[in-house]
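In the two complexes that follow, chain A is the common piece, with chain B as its partner first and chain C second.
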Partner chain A sequence: MLKIVVCMKQVPMVTELPWDEETGTLRRDLAAGMMNPACKHAMEAALQLREKYGASITAITMGPPAAEEVLREALAMGADRAVLICDAALAGSDTYATSYILARAIQKEIPGCDLVLCGAYTSDSETAQVGPQLAEELKVPSAAYAEHLEISGRTLRVRRLVDNFRETLEMECPALITVSMERYDPRYASFAGLNEAFAKTDLAVVDAKGLGITAVQLEACGSRTRVRRVFVRSAQKRNVVITGAAANAAAEFLDKYQRKISAVIGKSIETKKQAQS
Partner chain B sequence: MQYNPCVKHKLIRASTRSFAEAELAPIAAEIDQQRIFPREIIEKMRELNYFGLQTPKAYGGAELDSVSSAIVVEELSRVCAAVGLCVTVHNGVAVYPFLRFASARQKDIYLPELASGNAIGAFSLTEANAGSDAGSVETTARKQGSNYILNGTKIFVTNGGVCDVALIFALTSSPEHKLQSSVFIVESKYPGFLRGEREDLCGMRANPVSSLFFEDCSVPEENLLGKLGDGMKIGLATLDNGRLGVAAQALGIAQGAMETAVKYARERQQFKKPIASLQTIQNYIADMATEIMAARLLLYRACDLKDAGMPFGCEASMAKLYCSSVASRVSSLAVQIHGGYGYSKEYDVERYFRDARVTEIYEGTSEIQRMVIARAILSQSIL
Partner chain C sequence: MAMKKKSIWVFGDYRNYYQNRVTLQLIARAVDLAREISAEVCAVVVGHDLEEWIWEYTSHGANRILAIDHPSLTSYSTEHYLALMEKLARERDPDIILIGATDFGREFAPRLAKRLKTGLSADCVALDITPDGLLVQTAPSFGGNMLAEIVTEHHRPQMATVRPGTFREIPHDNTRTAVVERLPLPAHLTAPRVRLVEYERAAQKEHTIENATVMVCGGRGMGNKKNFRKLDELARLLGGDVGATRPVVFSGWAGHESLVGQAGKHIKPKILFSFGISGAIQHTAGLGEADFIVAINKNPQATMMKMADVAVVADAGDWLNHLIRELKKRIRE
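Entry: the complex of A and B
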């Protein structure tokens, strides 16, 4: 039977969150958490694959103890089991460290898995890096931003929309796919499912030691990026007064702003001006 | 008692909130103004167990605890109180009496239908001359062969316009010819079950609150709930439970109104700064948040007592009394923070203000709640 792993992340439920001035990281403690929206689509993709082909689904996440919530939600949606990687020593991991640890956890906890699904990106940091990096760590082929998946034998067929082109790729399992939010609208978990998810005991909690990651390895695979500065991008408004005769003023206005106007309306107004002149 | 939410309660809240914000928020204002019962959304809610919140799994329900159930109603009402009302009345006062008082046969017939939302439930006690004075019901049920023949009029029936099963309180005569009230399970398809016009109410306008008329409505005798003459007992026990639901609804309205006001106070500029930076507005926000927190703890404690199998009537009345007054105060302050805009239907806060008011009236007025609480306190020898 197909073994599917769905990687997920708990993100803050609000879009704007203050950050810690010293560390440059988000003050996640100030907001309620939720399953990252794209991860929910990945979970839905796994459920639909299971309905079509039969599969076992394991949800996995790395985070603080509160991240248990997204795993319970995954169980409520229909995951068969869940793994929480929880270790204070792993706090603040960047995408490189995260993918290293996830890879070790998948290899240890779900050996022989056929397909790893991730959300294409998270709503908090939006790097979209963990999926592709995890594929490198696992040494499996991957494709990002998938909107449809089919499996025939060991061949995975992936449809995705990239740069306005819809392309179909094929690869052999095991593989890693990041799922976009275009399709696979996630189902809501029923209350019976939510209640059931807490009766299930299939939630394993592992730490770095449990995964066989030594302090030396942790040091070596540690975060290679560092947040130097976090700031609010500010937009300034400025009033500009153009004086003179109307025709001249209009010409001056177009001269100064035609590129900006073109960008806003989505087509060039330069040719019009030339045609008029 | 837990003072912090457990993972399960957090998840129930998050799940209901995401549903309410995705499905109800876009239509809440329109269905309020147009008085539309949102059947398509109700269909989706059926599959997610919104109509079998505390019904046992054996009957197709979700078998949630009472705090979870309160959280669901709270989160629905935070976005759309009229839909919260439909759910809390169905679960709290239509399904609950079945769980407490129905025979095994009645449970087998009705609970699967109610828990799946295939049948929407209503609870029908109030009449023109029987409001707070619940003992003055005039609807009659006359025994005729193996049926009871119901005659009378019920008013202000929540879900009345759409209900498939209603619990009707009617006067019956005991073998000693003494008049007492009894409860009947009445299906809307029974001949003589007639619906009146929908009420044109101040708030909760998306709920089809209406009158029900019974004209020689024939109800099989096996549809008597509990025993003959159990009406008052069933009514009081059911209202204790219903009050937890209305308290949750009021709490949700208060929370929604506060969040709306806080957002507005951050955005609204006066004197060249957001009004949230003014101390007066901050005082309002501090009072709203404190009262909401107190109301929430009071409600969850009453729910905990119920789940522990302890008496919870007095605490349910306290929660209902306090949560509803908080809903009214907070929604009024929220309008005040919005200034003139808060008095406009363009802004959600105007709807919260209208919806809040009735929580001080239905399921026992605040005056009746005080009576219940005072009686309980005065009957205790040690406080």
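Entry: the complex of A and C
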């Protein structure tokens, strides 16, 4: 039976995280987490493959303890098993380190897997690098932005749209695919399913040591990049601020900019009184 | 022994030439950076029938061209390109490799970085260099509201991908010259594991908001689909089009063709209304040329509000209703 692994990540629900001016860091802890949207598409692709060919699906994530939630959601969507890689030593990993750890975890926890699916990118770190780098670590053929997957025997057929080219690719399993967000619209996890998933026990938690990764290896395969500074973009315009009750504010706005708007839209919105002034 | 000349490489992504000319834009930035550290700019191009590209990269500022031209490289193959670039980079040890963040580049660059055991930053919006040659890569982070300065301190080459449109190309000048090295295809190249079965150029998309004079964009702050679709009425009154942010498209309130920003359309309206949008850089990257911006947000601190000519602090849906009502009173067709 086909063994599929889906890599998922928990991301903050909002994009405007509270910013701590003093320490210059983001209060990530204040934001609720959710499953990265692109990972849902990857999970959907896995579920559809299972419906068609039969498969076992393992969801895997590397993250803080709270990341367990996305694994529960994955179980509710239909994953058979889930693995959480959780280790304080792994916090702040860049894609180089993340892909190394994920590869070791997949090799240890899901040996002989046929297909690894990733989301195209995450909504927080947004690099789209983990998938391709994981393929390198696993030394398997891969393709990004898949819109359609088919399997016959050991051969995986992928359709995708890249740089305005429609391509059909073929490769032998095991392989790694990142799934486009244009297709495989994810199903909802039912409420009952969610309840059930939170009761399920098929969730393994491992740390670096449990994966047999030594401190020396961690060091050697650690992050290559360092974030020197994070800053808020500076504003570009000196702006006019309008506040107050919406009804008055809308009228005030139109009064003030009626000339400009009229000129652009090619229709007059000037009121008589204002038109003469 | 003479010190090795520093070198900044730009990957020649010629397949995308007609769409975005990102390679030329990167050469231009590389020329500026190279000046700071007395390096040369080297364009690396692999494929078939490359004379046109060699010429083009030369005329746009590259000092050296490394070209591997072979019929077996006629169509793009990530694996072949990886093998060739890895080999060249190991042999010649460039300080920096810049790659366009095209679909191809975004798949290719991470794998190349992994093979070279080095760091990579994605989608940079600025590149700078310190006197001792550290590439300061500014990339959007945390959903685009923040920028992060990323450095690769202890590994070489330093690698970055850059979105098309970030830098401006140097005008074509056919009196420029470059050292052109035509290299043979290495003998040991193994057959790629990924086989290209068929490909065709996709049809261009039909309706487009890129040329709208008035744009009414809405974000997650519109709250729900029903509220969001009221923007249609404002757009109709103003003779404009509706645009959306990515969460809106994800939620199914609008189709992908209305997405504005890095991953969507670049618009250049004379007037832009921005309802309930935070102003993440991936979105504002698509607003480069908006003349007059009116932002409506309940949070006066939102980036979009700071970028606006007029910042309206209000509930977006509520203010929209009043604006529509007021406009209907005033418009005389």
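The definition used in the following text is that the second predicted complex is superposed on the first by the 223 of 277 C-alpha atoms of A that agree within 3 Å, B and C clash if a C-alpha of one lies under 4 Å from a C-alpha of the other, contacts with A are read in each partner's own complex, and residues count from 1 in each chain.
Going forward, a contact is a pair of C-beta atoms (placed from the backbone, for glycine too) under 8 Å apart; a residue touches a chain by one contact, two chains touch by 3 or more.
The model shown is predicted, which means the values in this text are computed figures rather than measured ones.
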> After lining up the shared chain so the two structures overlap, which partner does A:E137 touch, if you call chain B first and chain C second: first, second, both or neither?
Replying inline: second
Is A:R228 touching the first partner chain B, the second partner chain C, both, or neither of them?
second
Chain A contact check, chain B vs chain C, more residues touched by chain C
_Touching partner for A:F253 - first (chain B), second (chain C), both, neither_ = second
### Query
After superposition on the shared chain, which partner residues are touched by A:A204: those of chain B (first), chain C (second), both, or neither?
neither
- [ ] Report for A:M13: first if it touches chain B alone, second if chain C alone, otherwise both or neither.
- [x] first
_Output check: A:A128 vs chain B and chain C. Expected answer is one of first, second, both, neither. What do you get?_
second
Notebook entry, point to check: After superposition on the shared chain, which partner residues are touched by A:V264: those of chain B (first), chain C (second), both, or neither?
Noted result: second
With the two structures laid over each other on chain A, which partner does A:R166 touch: chain B (first), chain C (second), both, or neither? second
Chain A residues touching chain B in their complex are 13, 32-34, 66, 68-69, 72-73, 76, 188-192, 194-195, 197-198
Note: in the complex, chain C contacts chain A through residues 15-16, 19, 79, 102-104, 106-111, 113-115, 117-123, 136, 140-155, 192-202, 213-214, 238-240, 250, 256, 270-271, 278, 280-282, 292-294, 299-300, 302-303, 305-315, 318-319, 321-323, 325-327, 330-333
Listed in rising order, chain B residues that touch chain A in their complex are 7-8, 10-15, 17-19, 44, 47-50, 52-53, 57, 61-64, 68, 72
So, in the complex, the side of chain A touching chain C is made of residues 12, 14-17, 19, 26, 37, 94-96, 99, 123-133, 135-137, 141-145, 157, 161-172, 181-182, 223-233, 235-237, 239-243, 246-247, 249-251, 253-254, 257-258, 260-261, 264-271
